[in-house]
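Naming follows writing order (A, B, C, D, E and F), and every chain is counted from residue 1.
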Amino acid sequence: MLNKHGNIQNFLGCDSDYANAQIVLFGAPYDATTSNRPGARFAPAAMRGESYALETYSPYIDKDLEADVAVYDAGDLELYGRSPTVVLDMIEQATAEILSDNKTPIMIGGEHLVTLGAIRAAYKKYPDLHIIHFDAHTDLRQDYLGEELSHATVIRRCHDLIGDNKIFQVGVRSGTKEEFEWRKTHLAQTLEHFIGKPVYFTLDLDVLDPSTMSGTGTPEAGGMTFNDLLNDILHLQKFNVIGCDIVELAPNYDTSGVSTATACKILRELILTIGGTQNG
Amino acid sequence: MLNKHGNIQNFLGCDSDYANAQIVLFGAPYDATTSNRPGARFAPAAMRGESYALETYSPYIDKDLEADVAVYDAGDLELYGRSPTVVLDMIEQATAEILSDNKTPIMIGGEHLVTLGAIRAAYKKYPDLHIIHFDAHTDLRQDYLGEELSHATVIRRCHDLIGDNKIFQVGVRSGTKEEFEWRKTHLAQTLEHFIGKPVYFTLDLDVLDPSTMSGTGTPEAGGMTFNDLLNDILHLQKFNVIGCDIVELAPNYDTSGVSTATACKILRELILTIGGTQNG
Amino acid sequence: MLNKHGNIQNFLGCDSDYANAQIVLFGAPYDATTSNRPGARFAPAAMRGESYALETYSPYIDKDLEADVAVYDAGDLELYGRSPTVVLDMIEQATAEILSDNKTPIMIGGEHLVTLGAIRAAYKKYPDLHIIHFDAHTDLRQDYLGEELSHATVIRRCHDLIGDNKIFQVGVRSGTKEEFEWRKTHLAQTLEHFIGKPVYFTLDLDVLDPSTMSGTGTPEAGGMTFNDLLNDILHLQKFNVIGCDIVELAPNYDTSGVSTATACKILRELILTIGGTQNG
Amino acid sequence: MLNKHGNIQNFLGCDSDYANAQIVLFGAPYDATTSNRPGARFAPAAMRGESYALETYSPYIDKDLEADVAVYDAGDLELYGRSPTVVLDMIEQATAEILSDNKTPIMIGGEHLVTLGAIRAAYKKYPDLHIIHFDAHTDLRQDYLGEELSHATVIRRCHDLIGDNKIFQVGVRSGTKEEFEWRKTHLAQTLEHFIGKPVYFTLDLDVLDPSTMSGTGTPEAGGMTFNDLLNDILHLQKFNVIGCDIVELAPNYDTSGVSTATACKILRELILTIGGTQNG
Amino acid sequence: MLNKHGNIQNFLGCDSDYANAQIVLFGAPYDATTSNRPGARFAPAAMRGESYALETYSPYIDKDLEADVAVYDAGDLELYGRSPTVVLDMIEQATAEILSDNKTPIMIGGEHLVTLGAIRAAYKKYPDLHIIHFDAHTDLRQDYLGEELSHATVIRRCHDLIGDNKIFQVGVRSGTKEEFEWRKTHLAQTLEHFIGKPVYFTLDLDVLDPSTMSGTGTPEAGGMTFNDLLNDILHLQKFNVIGCDIVELAPNYDTSGVSTATACKILRELILTIGGTQNG
Amino acid sequence: MLNKHGNIQNFLGCDSDYANAQIVLFGAPYDATTSNRPGARFAPAAMRGESYALETYSPYIDKDLEADVAVYDAGDLELYGRSPTVVLDMIEQATAEILSDNKTPIMIGGEHLVTLGAIRAAYKKYPDLHIIHFDAHTDLRQDYLGEELSHATVIRRCHDLIGDNKIFQVGVRSGTKEEFEWRKTHLAQTLEHFIGKPVYFTLDLDVLDPSTMSGTGTPEAGGMTFNDLLNDILHLQKFNVIGCDIVELAPNYDTSGVSTATACKILRELILTIGGTQNG
């Protein structure tokens, strides 16, 4: 009756051990550079807790977390109260470790800055890295109040690394005039040349309309529905996704729990979609 | 000035006496088998209280609760703290009483298990009973952790009674692989043969997308809009609806009150739609 | 099984009929002059709904609502959206009706202005009326932004009617310097001469510390504990209380429900205390 | 470092001085006639506070609040606790002052009754005034519980002033049968003849579906999406908008903050759309 | 950097393995018989998550969870959706297992009914079992709406087992007249004879005043302060506590998180107090 | 009618201009090093907004913000998204500016780290600076996860500057064993020698019991009541307070608004107490 081997809490159905896992989940509960409303730090724990209200089976793609993919949940990096530089180093190191074991990392943020740590690791392994970026916001500022490491500059920092024409944005509807101008010449305008290339998928949940995702730091009206996003995720099967993240859930702002439940469902679909597609 | 005859609180516009009523409302505030988030017990009282923010008139079908239909509100059955067996007996008895007086019962849940009590009574009167079931979830498990009476098994229990090809599901998007397989061979794939038959309509409000209905125990992204559901309800005029229920509102999870207000509006439309269509 | 006589919702244990009642409850859901945070309009319905979590028996005074006192609950006056003048007339008329039938009125506010309507009726029957006033605020302004009928002026308006030395305040800790000066010369400094006189008891729940009563329009730190107030209420047995009210619960500001539950318990104790003490 | 000139809080980017402003914002924090849920009084302050989470730039129309329009934010009129008659006079006077200086007023409510004050001023300057009215509710009652000045009668009062065929309603889905009948013969059925005429635009935010705007006094399912409304606002460029308002945000009912953020975005788009179109 | 051994989530500082533990924690997330407001099922997970905001060190008794006691956290029994009979059997079995290994069980409820399962196991090992019961409510009903297994009858059921004069209640302030009468003759009136006997300590957190513990199903004004309870817990050192529980936290009703944080602190003090005192 | 000079929002009654002010308020909305629950960044704006529900007059000390003290409110420093080093420099500079003009600074945090910036400025002007520190937590760690600038180390950093026997703590009830040991030898055990010395008063609001102050990042049961704290503040008249702050209100965690209202009242009393006592 009594479990005598430790109170292990994974995301739903992610109970593989590390050695046998194809995918490795980890949490990056950090939100210190958030300029608007903090709370993304609470996302990984909230998602694990709420995930058990979902079924492990997806009728959308007829696959099951328990039967069709092996996922290990490594828990959270201990990031609270640290400086951005240290935080990015820790995330880079954890991601590199997963990649070097030929597994696919999925990071649960945290604010969007955490993506930079994962991209640094991915870029070291895959110098031809491409990024698909879903977001309401451009995140392309050169600096934010003088700080170069910020959730508002993160994609610009990624571009610093990987260069022109390798980042594709979906759902963007907020930014400065300068950002909108800049992206016209530096970012990719089409996804065609991403096929066959190593792709990192970064999903800022505020790409969803706030009616679906109110639990986020900076909700921005006019976004995608859940079904829009679900369809786009299912299309990731066409790409060689070598890593991904899901960021900016701030569960505390949605007391109904719907934002967290929806994030969990998206993560289930994302795992089931990219399970089996990673680079061999 | 002072009302000296008792503080009667009905659902909006449902102030017929019993003898003259065509429709009889009652509440079934029960949620003890809820496996995820409880709170459906609060729905009947919340809906009565909030209903007064609505108009009695529906511009959608140009009918008015005060002028065009006679409804009696019987208040709630006293179900808190009882075992599922007793609860289902009480609901069956109340429903049977209404049906034997040739009135149409509308039950406000409570969790979905309460439907089974009403179906038992309806099936005794109408051996050829058919069920139209709106829900996000299949509710077709054989048992749930060994318990056969559960919100997660309720439609399977209904099928035990009425048999194959008599249940039609709308909006389902969550379940086990086994449930999705099972329904292919046991449930109806079309509504055509339901016309002219006695039909019970059971509406689990989580069929709506959580953006519209966050106040429910297990919100499941990717559902209907309000207008989708409204149109489907208006189409019920084609059927011989002999009873119905509206279940799984858990008003406490939506502090904005929108879920409750929306449930009230759906109930108004449901009353106005089936008023006049019951079996004579 | 089925109740066929109407969905009557009273405050816990207040199910006497009017003719046999010693005490008559009624709600005055009005908050239009509230200068800070509205919501007192929701108090009567919230209190009736929550009252059923209480026992009918009070171990403090060993009396029971079902056995030891006859109370009729007349429901609410329909006050929303009306002007203060009309509202006060309606309350005065309802109170007068109860008093003329030799019953004791207990009004559930609403904001504090509603007290004035009840006092007008009480003063007509009892020209020697005295008032015991529990409140965090003086409520003694001559006018508020030019308006003479306001929750901030209500006790001054009562004083206009009944004169000096007949109002005793408890718990006051907020007001203008002018109000604090004025009360020194116009209000009673002791309760001794209230004994034997007809007394109206008006209880603004913000007299309680906000740790106990956060659900009120203008919470003011530094107030009474529940046990302080309970003791004071039990001491009302020494007075000839001919009417009372309990005002300024704004249940929407306390999502824990504690403020409403506490207000219900206070009302239970108040009913059990003054039951049997009214003027014959 | 230290600001020594006062803690000025404007709506985002609205920091013109009065003399140079093309548009003048002001708040009308009033909700005393609200018949359902109060809280619209909190809207102007909430919107100013939340507006800083938005960018000043609109990618929808490629204009920027800081570069392309001069707006002065006059703060709020002091309306709490006053009678409707006084409130409407104060609003009329403020609006008249702005119009007489050949600036465009934009009022942030408050409940919908506040519109009447602005319309009175606008009608005095523009006897051929037309009104475009977005709302879920008809607001066309002759009186509400005997009161002629109410959020439920406000458009009827406007019609009393300006007459038949000059008011066009969008999004209405709730009212009495009488109101729906009345509007067929008294309101405009098309917008064609509004072009070239002075137009006042009044936007009750409950025209939006509650999934997008839960923070309002009387949410009514079945409304517009944000993108629907955005498109309609952009089309206002075709009209000579001489004043407008945005009313019935009740931010307290949406604890996620999404309703307020969305209202701010709508106001940004409204300012950028009508900036440059006012009557010369 | 990366944890490759599983995402173990214990209560703060309770990371002993089973074999070496002196105390074994486990959760009993069950609330199906709750007659008022459900939610106690959420307590164990909420307490583990929030516990990390506490220090492991107690300045009150100068002991530290990491240095001075060995505790194993066994996680939760899987109780949702089961019948009371099964639930009590599962709890009895888990408790018996811990006791038979000569460790002290601490159970985190769940509603109060769960205590009965633990008491059954404790009584089998210790036929002279005594119970110290902290609660706002008597919990001494013979049945509740006909059900004998209920949170409202649990202490009566315990008495059925262990008999007269062996249960001592602290903090009780709500019940029926019958319950208050019954306890005078059947429960202990003093604790003196408990010293040296095996004692089970059951703590219903609603014994605390709702100002301190609003997150509970049935808050009852007039209770203990935190410091009152802390002092009483420290006095448990005088007794031979062979098991205990902490029940009826319903974290969802206190959105401030204070109730959960306070429950965690109480559990820390309880662990540090009884660590070292159990029967050998 | 219309204000044409800008929408100035000060804390209640703090409308002096800078030149004539005796006290200068400013906000430090920063919470990036918070290790537990963020939100202190929202405090200054929330307090200004809520302050208008208070009276300007204090009956406790018979003084009035409008008549008896001249306060200038400088608004907030723009700190979001910056690194701790920059933030502390900005605060130090602002505080130094106020002190050099012979005015008394009062800072509204923000998390507790902001105090260090103010202390640096105060120490430069007053080399014999003493600190009175109210807090639930010791805040005496040498570092927190390797970071030396943190809300958990702030008083240790102050001690680094000013040395032994110059800091007196009140209300501390949480910390590591090492911190409790360290303070015995480095901090002052009595306040006697503080009289006549320049004193900085830093008030972490979590010194209050969570029943009174739930809106804070790390609520810790067992704290002061409001009246306890009020009395202590009134006793500050005995000291030469040359600056102070009030930190760690996180208004978002207390949806009742009580925490913010209480913080405002404390600030009113603090202003009225130290007004007139600063060093000449």
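Criterion: a contact is a pair of C-beta atoms (placed from the backbone, for glycine too) under 8 Å apart; a residue touches a chain by one contact, two chains touch by 3 or more.
The shown structure was predicted, so the numbers you read here are calculated from the model rather than taken from an experiment.
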item	value
Copies subunit C and subunit F touch via same or different residues, half shared test	different
Option in A-F, E-F or A-D whose residue-number contact pairs overlap B-E by over half	A-F
Chain of greatest Cα-centre distance to subunit C	A
Approximate Å spacing (C-alpha centroids) for the pair subunit A, subunit C	55
Centre-of-Cα separation between subunit E and subunit A, whole angstrom	40
Multi-chain contact residues (two or more partners), subunit D	36, 209, 211, 255
Contacting chain pairs - touch in the sense defined above	A-B, A-D, A-E, A-F, B-C, B-D, B-E, C-D, C-E, C-F, D-F, E-F
Subunit D contact footprint on subunit B (complex, rising order)	53-55, 57, 59-60, 62, 64, 209, 211-212, 226-227, 230, 255-258, 261-262, 265-266
Interfacial residue positions of subunit A with respect to subunit D in the complex	36-37, 173-177, 180, 209-211, 214-215, 218-222, 253-255
Residue numbers on subunit C that touch subunit D, as the complex places them	31-36, 38-39, 41, 78, 80-84, 86, 144-147, 150, 152, 252
Sites on subunit B touched by subunit C in the complex	1-10, 17-18, 24, 26, 45, 48-49, 72-77, 90, 93-94, 97-98, 255
